[in-house]
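One chain, subunit A, links the two complexes that follow: it is found with subunit B in the first and with subunit C in the second.
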Partner chain A sequence: MKLKCDREEILQALQMVQSIVSSRATLPILSNVLIEAGDEELTLTTTDLEVGMRKTIKAKVTKKGAITLPAKRLLAILRELPVSEMTMEATDQREIVIKYDASYFRVLGLPKDDFPPLPDFLKHRALKTPQKPLSELIRKTHYAISTDESRYVLNGLHLIFSKGRITGVATDGRRLALCEIAANVPEGFDRGIIVPTKAVNELGRILSGDGDAEIFVGENQAAFSANGCTLVARLIEGHFPNYQQVVPQKSEHKLLVDREELLAATRRVALLTSEQSNSIKVTLKKNRLVASSNTPEVGEAREELVISYAGEEFSIAFNPQYLVDALKNLDDKEITLELTDSLNPGVVRSGKSFLYVIMPIRVS
Partner chain B sequence: MARIKLLPESVANKIAAGEVVERPASVVKELIENSIDAGATEIWVEVRKGGVSLVRVRDNGCGMGREDALLALARHSTSKISEASDLFCIRTMGFRGEAIPSIAAVSRMELTTKEPGALSGTRISAEGGKVGDVRDVGAPDGTEVVVRDLFFNTPVRRKFLRSERAETSQIASTVISEALSMPRIGFTLIADGEELIKAPAVEKSLDRISSLLGPEIAKGLLICEGKRGAISLAGFISGPELTRGTRADQHFFVNGRAVQDKILSFAIADACSGILPAKRHPVAFVFLEIDPSEVDVNVHPAKREVRFRDASLVRDLVRSALSGALGGSGMFRESGVSPFADAVREPEDGYQTKGGGGVFERAPIAPPTVGYLPWEGSDVLLDEKADRFRPIGQIRNLYIICEDAEGMVVVDQHAAHERILFEKVMAIHEKGKGELQSLLLPVSVSLSAAEAALMDGYRETFRSLGLGVEAFGKNAVKVDHLPACLGDVNPERLVRDVLGELMEEGRGRAVRDGIAEIVARKVCHAAVKRRDSLNAEQMQKLIDDLLKCVTPYTCPHGRPTMFRMSKAELDKKFGRT
Partner chain C sequence: MALREIKGQEMAVGLLKRSFAEGRLAHAYLFHGPEGVGKELTARNFAKLLNCGSPKGGDACDVCESCVRIQKGTHPDLLWLRPRGKARIIPIGEPQKPEKGTVRDFRTSVGMKPYMGKWKVGIFSDAHTLQRDAASALLKTLEEPPAHTIIVLITSRPEALLSTIVSRCQAVRFEAMPEASLEKILSSDYSLDAREAKLLSRLSGGRLGDAVRALRQERVRETSDLAGMLAEGERGYWRAVARPLELMERSLARAADSLEWEFAEKGLHHEDDGYENEEIQEQIEAFAVGETRRRQEELLGELLTWYRDLLVWRHTGTEGLLLSAGERDQVARAAQEMSVARTEQAIQRVEDALRSLRLNADFHTVVENLLVQIMASDKQ
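After this line comes the complex of A and B, so read on.
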C-alpha cells in the first residue's frame, strides 16, 4: 500500500469514525482503524462490533493495499503534523511509514485480516430521504431513550417505515417522544426496527447538510449512509412496547404556550428542586400557567405565564427534566400543552409531526 | 444404678424427626419423594395453614399391602435398600427408612394405600407415632398420606416455625424443586383451597420450567450439555439479560434429586465471572446424571446435600458446560444477532458494565495493611465533621481520598452514596410521603408460585415505600409507579430483587421494618452510580451528605464506607518514626 493524501481530509475522516472506538476494547483489533487504499480513494473503517463506521475520501493511490492502525494514536499524529500533505506506505502487513519532508513516523498495526468485516449492504434496497428531517427526527426523540441497560428494547430508537413516512419513537417508560417525517418509502420497505443508542448518537453526527441519506435494512442490522460516511448498526431484537396505547386519545384542556417562555420558566423553577424532591408543579388558573417548586430545606420558586385558559383551576406535577428535554429540542415558537387532571398523562405537541407524552408525578 | 439407658423408641423417633422433619416443607418433600419412588405419574399435594394444620400427599403409585403399610411406620423399615452395600449405589429418592415414622412421631397421621389389583385398601391411623386404628377401606390405587397437627407434641419446634405465609412459600419452593426434577410426573399444589401449582406431566425439562416459572424465564435460557467419564450434565443457564440478585433460582439435581451444593454454586459463579455483572446470579437448572457409586447421598438426614467422590471433576464439568453455553457463538441477545459474529467471537463485548481490564485495572494495589476503624461512638468526630474532611481526589472512580486533621481518610463513594440514599428512602417511608413517578405502561412481573405467595402479604409494604405493585392475574404483579427519586431503573428487576432477598432473608425478621429495609436497600442500590468520576464539588457534597447521616460509617449492607490512616501510621510506613 502506498498513497499520498491531504492531511486535513484524512484527519476529518478519522475524527468522524474514531468516536466509536472504545478506549477499553477487549480485543486489541477493535482499537484500530482499518485503512484500505483502492482506486484513487482511501477508506477508513472502525467498529466496536455493535456499530461500525466507514468513511471514504480521495487519495492519490500508487499501490493498493490495507492495514489496521491504532486509531487514537494515528489521530494524535495527524493532528500534530505541520504539513498539508503526506505519504503513507505500508512496509509489511503490520507496519506503515508516514512521511513528510525529511521526517517520518513508523507506526505498528495489525494485519487487516483480523479486522471484523462490516456486512455488505449494497445488495439491499435503499430508502432515500433528505438528511435534514431525519436529523431533526433524531434530535427531537433521542433524549427519551432509556438508559437502563436491563430493559434492552428501550435502549434504542424505534424507527417505523410505512407508506409515505418514517416515525421515530423513544421512551424510558416515564415519557415518550414521537416524531414523524414525510419520506418516500419504497414498496415492501415497511417495517419497524430498534436502533441502539450508540448508533443513534453516531447517526446524529453524520447527518449534516441538505443532501439525501440512504437507509438500508437487513435482517439484524441496518446501515445509514450520508456524506460519504456509512454507519452500520446491529439492531436490537425484540418488540418495542405498543406506544400507540399510551398516547391519550383525548385531553380536557389544550393550551397554546410560548415554548421558550415555558422552557425558561421550567429551568428556573427547577433550580429549587432537589434529588429527592425532583418535581415541579404546573397549575392552571384563569389565563395563567403557574410553574412552581417547593422543596423542604431548599426553598420555593414560582413563575407565571400568561395563557388563554378558562377552565377549573388544577395542578399537575412533572419531573422538570422531562419537560426541558422536549422543549429545548423543538423549534416552533408555540407548542400545545394538553392536560386533563393531575393524574392523567400530559402531552406536548409541536406542529403535526411531534408528540410527547409525560407521566405525572404523584405525591403520596 | 445404671445411669445410661437405651432410649425408648418413641423418644428415638422424635429425635430422628428433629433431623428429618424440620418444618412442614420437609414433610412435603419426604412424602413426595416416597411417591416418586412408588412410581407415581401424578402427585397431588394439599396443605392448610402453612402445612401445620394439614399436609395431604396423594399419588397413583404402586401402593402397599396391609403388612407393608404397617411396617412402613416402623423406624428404619424400607423397601428401597436391604443391605449396607446398597447404600453405595442408591437409585431411589429415599433409603433411610426414617421419613414415615419420623413424621408420624410428631403428628396425627393417616395413611391410606392400595395396590393396583387388590380388592381393598388399608387405612392406618397413628398419633404421635403410636399406631391406632387399622382397617380395610375402599380407596383408589396408590397411597395417600394425611398429616395433621404437625408438631402437636413438640411445642418448641412449633414455636420455631415462621409465619403461615412463609411456610406456604417454602412448601411451594419444595414442590417446584421436586417438580423440576421429575418433568414426567404431574404435580399439583393446593394451599388453603387455592391451586398454587399445576404442572401437567411433560416430556422435556424446559416445558416443565416454563410451566412452573413462566415462559419468559424458559425463553431466556441457554442449553448446556457436557460429559466427563461417568458423569453427564444437561441443563439450562440464563444469559446476561436474565439475572437475579440472589442464587434462589439456581437449581441442582443429582440423579433426579434436588440438592444444594456449594461446589456447584461456585462452579456456576466461575462460569459466569466476566460475563455477568458482579453480584448478579444467573437462573440455572443443572441436572447431573452420575453413577450412584460415585456420589454419597447419605450425608444429610433430609438428603439436601450430597458428596461427590471426585468433586473437582464435577466442578470442571459444570463450569465448562455452562461457560460453553454462555460463551457459545452469538450468545448475546440471542443467537446470530451480531453481524460481526463470524469474524470475532467476543461475548463480553456487548456488555459495557464490566470494566474491560486495561493494564491499570490489574495493577496490584498495595494490600490493605490497615484495618478500618469502626469509629464506634466517636462523638468527637461527629461534632466537628464536615469542614474537616477535605477531598483530595479519586482513585479509579471508586474511592475518594480525603485529608483531615488526623491524617488520611478513604471513602468508598458507592457505599457512601448508598448510605445517603438509604437514609433518605427510609425517611420517606417513615413519613409515609414521597413523590411517585407513574409509568407510561405498567410493567408486569410474572412470579413463581412461591414468590406470589410471599408477595401477597407484602404488597402494602411495597406500596408504602412507593413501589406501586398490584396483583395482576394469579402469578404476576403489575408495577405502575416507582419512587420518583430513582430515575431510570428497571421496575421488573427491582421488584424481583426485593422478592429474591425476601425469600432468602425473610425468616424471623420483624416483618414490616425488615421488609422496609430490604426494599429501601434495593431501591437505593438500584439508584447508586458506581464508577462516576466526580469533580471537587461533587466529592465535597457526597462527603457532607454522608456525614449528615445517622450512621455514616457503614453502608446499608454493613460494609464500611470509610477508613482512616492516621498521620502516625503514614509516618511509620515511610520509616519516619
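After this line comes the complex of A and C, so read on.
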C-alpha cells in the first residue's frame, strides 16, 4: 500500500469514524481502524461489532493495499502533523510509514485479516430519502428507547418501511414515541427492523444537510449512507411488540397548549421533585392547566397556564422527565395534549406525524 | 482442530455432534467435569461446528473463515466470558452502560442478530464465578435466549451454581480418562518413555490437558527432584527446608511463565501486546491468579503423596502401590527413617498447610513453616 493524501481530509474522516472505537473492546483489533487503499480513494472503517462506520476520501494511490492501525493513536498523529499533505506506505502487513517533509512516523498495526468483515450492501436495493426528515424522525423518537437490557427488543428504534412512508417507534414500556415521515419506499422493501440505540445515536450524527440518505436492509444488518459516510448497524432479534394497542383510540379532552410554555413550566415544577417522588401533577380546571409538585422534606412548586378548557376538574400525575423529553424535541409552536382521566394514558400530538403516549403515575 | 480430534471425551463430543446432526440443539449446555480434561477445547470446537461454512461428516471443516476466526478468537459471534480481575468473578455490569465481559453487556449482545455466522455462541468459563446477581440476571436469557443463540456454561464445580441455572441447561459430563489410556496417548503422541508416561498420567490424574501442561513445564523432572530431596536422609535447614522450598518457588515461576501459552490457546494472546486493552488484561490477571493457586496446591499435593507412599511402603512393601515420583529405594530408605506416628503427623501438617493456603496465606511462609515443623519432628 502506498498513497498520498490530504491531511485535513483524512483527519476529518478519521474523526467521523473513530467515535465508536472503544479501548475496552473484547477483540484488540476493534481498537484499530481499517485503512484500505483502492482506485484513487482511501476508505476508513471502524466497528465495535454493534455499529460499523465507513468513510471514503480521495487519495493518490500508487499501490493498493490494506492495514489496520490503532485509531486513537493515528488520530493523535494526524492532529499534530504540521503539513497539509503526507504519504503513507505500508512496509509490510503490520507496519506503516507516514512521511512528510523530511520526517516520518513508523506505526505498528495489525493485518487486515482479523478485522471483522463489514457486510457488502451493494447488491441490495436502496431506499433513497431526504436526510432532513429522517434526522427529525430520530430526534423525535430516540429518547424513548428502553435502556433495560432484559427486554432486548425494546433496546432500539423500530423502523417500519411501508408504502409511501417510514414510521419510527420507540418505547420503554412507560412511554412511547412515534413519528412518521413520507418516503418513496420501493416496492418489495416493506418490512420492520429494530436498530439498536448506539446505531441510532450515530445515525443522528451522520445525518446533516439537505442531500439524500440511502438505506439498505439485509438479513441481519442495515446500512445507512449519507454525506460519503456509511453506517452499518447490526439489527436486534425478535419482534417489536404491537405498539398500536397502547395508543388510546380516543380521549375525552383535547387541549391546545403552547409547547414552550408547558416545557418551561414542567422543567421548573420538576425542580422540586426528588428521586423517591419523581412525579408532577397536572390539574385541569376551567381554562387553566396547573402543573404542580409537592415533595415531603423538599417543598412545593406550582405553575399555571391559560388554556381553553370547560370540562370537569381532574388531576393526573406524570414523570416530568417524560414530558420534557418529548416537548423539547418538537418544533411546533402548539401541541395537542389529550387526556381522559387520571388513570388513562396521556397523549401528546404534534402535527399529523408525531404521537407520544405517556403512562400516568398512580398517586393516592 | 475439530471435535473429532478431542481425546477421551467420546460421550460428550458424541452427544454434541448428535444434537447438531439431528437439529435438536439445546438453548444452553452445562459442560461440567474436572479441570484440564478439555471442556473449553470442546466448547470452542462446538462453536466451530455450529458456524462452519462447510461442515463435513458432522464436524467442522477447520479451514473456512468462520473456523479460523473461532480458533483465533476473532469471530464476532463468539462471545466468551471469563472471570475478571484479582477477585476472579464474572460481574453483572452497570445497568445503563455495562462494560464488556459482564452479563448485562452479554445480554445486549445476544439480543442482536448474528454478525456473520448462523449462531451467536456465548461461552462462560468457570461459570461458578458468576456473581450471584449476575447469575440471576442470566436466568431469563438461559430460559428463553434470543433467536440464533446457544449458551455454553463451563464449570468444574457444578454444585456451586444456582440450581435454577443448572436446571435450565442440558448437562454434558466430562471425565478424566483412565490413567492407562492417558499413558498410551502420552507414549504414542508425546513420545514419553514408559516411566515418564506412567508418572505423568498419575500426576495429572488422567487429565490430558494437565498432563500436556505439566510436560511443557518439565514438571516430571521437578517432581522427581522434589521426591529425591524429601528422601534424603541427611537433615538440616538447608537440605530439608531451603532446597525444596526453592524448587517449589522455581516451579511456580515457571508455571507463571508458561501462562503465555495458555493465553494463546484461549485466544487471549494477541500480538499487539503493546495496545492497551483493559478487558483482556483483567482476564489475564484473573487467569494468572487462578493458575498460581492451583499450582501451589499441586505442589503441596506432591508432599502429601510422598508421605502417603512412606506409610504404604511400611505397611505393604509393595512397589506397585506407590504413587509418588520417588524411586523404590528412596521410598524404602525414607520409610525406614521416619516412624509411622511422625509420618502421620507430617500428613496432618500438610493438610493444615493446604487449608491455610486456601485462606489466602502466603505460600512461602506456609511452606517454610511446614517443612521446618516436619524436620523438627524428625529430630525428636
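Assume the second predicted complex is superposed on the first by the 363 of 364 C-alpha atoms of A that agree within 3 Å, B and C clash if a C-alpha of one lies under 4 Å from a C-alpha of the other, contacts with A are read in each partner's own complex, and residues count from 1 in each chain.
By our rule, a contact is a pair of C-beta atoms (placed from the backbone, for glycine too) under 8 Å apart; a residue touches a chain by one contact, two chains touch by 3 or more.
If you're wondering where the values come from, they're calculated on a predicted model, not measured in any experiment.
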* To do: In the superposition on subunit A, see if there is space for subunit B and subunit C together, and answer fit or clash.
  => clash
* Once the shared chain is lined up, is A:L110 touching subunit B (first), subunit C (second), both, or neither of them? -> second
* Which superposed partner A:I181 touches (first subunit B, second subunit C, both, neither) -> neither
* After lining up the shared chain so the two structures overlap, which partner does A:V153 touch, if you call subunit B first and subunit C second: first, second, both or neither? -> second
* Please determine whether it is subunit B or subunit C that touches the greater number of subunit A residues. => B
* Asked: What is the contact status of A:P70 with respect to subunit B (first) and subunit C (second): first, second, both, or neither?
  -> second
* To do: Using the touch definition from the top, say if A:L3 reaches subunit B (first), subunit C (second), both or neither.
  => neither
* Of the two partner chains, subunit B (first) and subunit C (second), which one does A:V282 touch, if any: first, second, both, or neither? -> neither
* Give one of first, second, both or neither to describe whether A:M359 is in contact with subunit B, with subunit C, with both, or with none. => first
* Looking at the overlay, does A:P28 come into contact with subunit B only (first), subunit C only (second), both, or neither? -> second
* To do: Go through the superposed model and pick first if A:V246 touches only subunit B, second if only subunit C, both, or neither.
  => first
* If you lay the two complexes on top of each other, which residues of subunit A touch subunit B in one and subunit C in the other? -> 22, 24-27, 29, 49-50, 116-117, 119, 147-150, 152, 220-221, 234, 236-237
* Asked: Mind pulling up the subunit C residues that touch subunit A in the complex?
  -> 69, 72-74, 76, 79-80, 95-96, 98-101, 104, 107-116, 137, 140, 146-148, 270-272, 274-280
* Structure fact -> subunit A contacts subunit C in the complex at 22-29, 31, 49-50, 70, 108, 110, 114, 116-117, 119, 147-150, 152-153, 155, 196, 219-221, 234-238
* Asked: What residues on subunit B touch subunit A, complex-wise?
  -> 241, 333-334, 336-340, 343-344, 346, 348-350, 352-353, 355-356, 358, 424, 428, 432-441, 443, 466, 481, 484-485, 488-493
* **subunit A to subunit B touching residues, read off their complex** => 22, 24-27, 29-30, 47-50, 52, 115-119, 146-152, 171-176, 218, 220-221, 232, 234, 236-237, 241-242, 245-246, 275-279, 317, 319, 343, 345, 357, 359-364
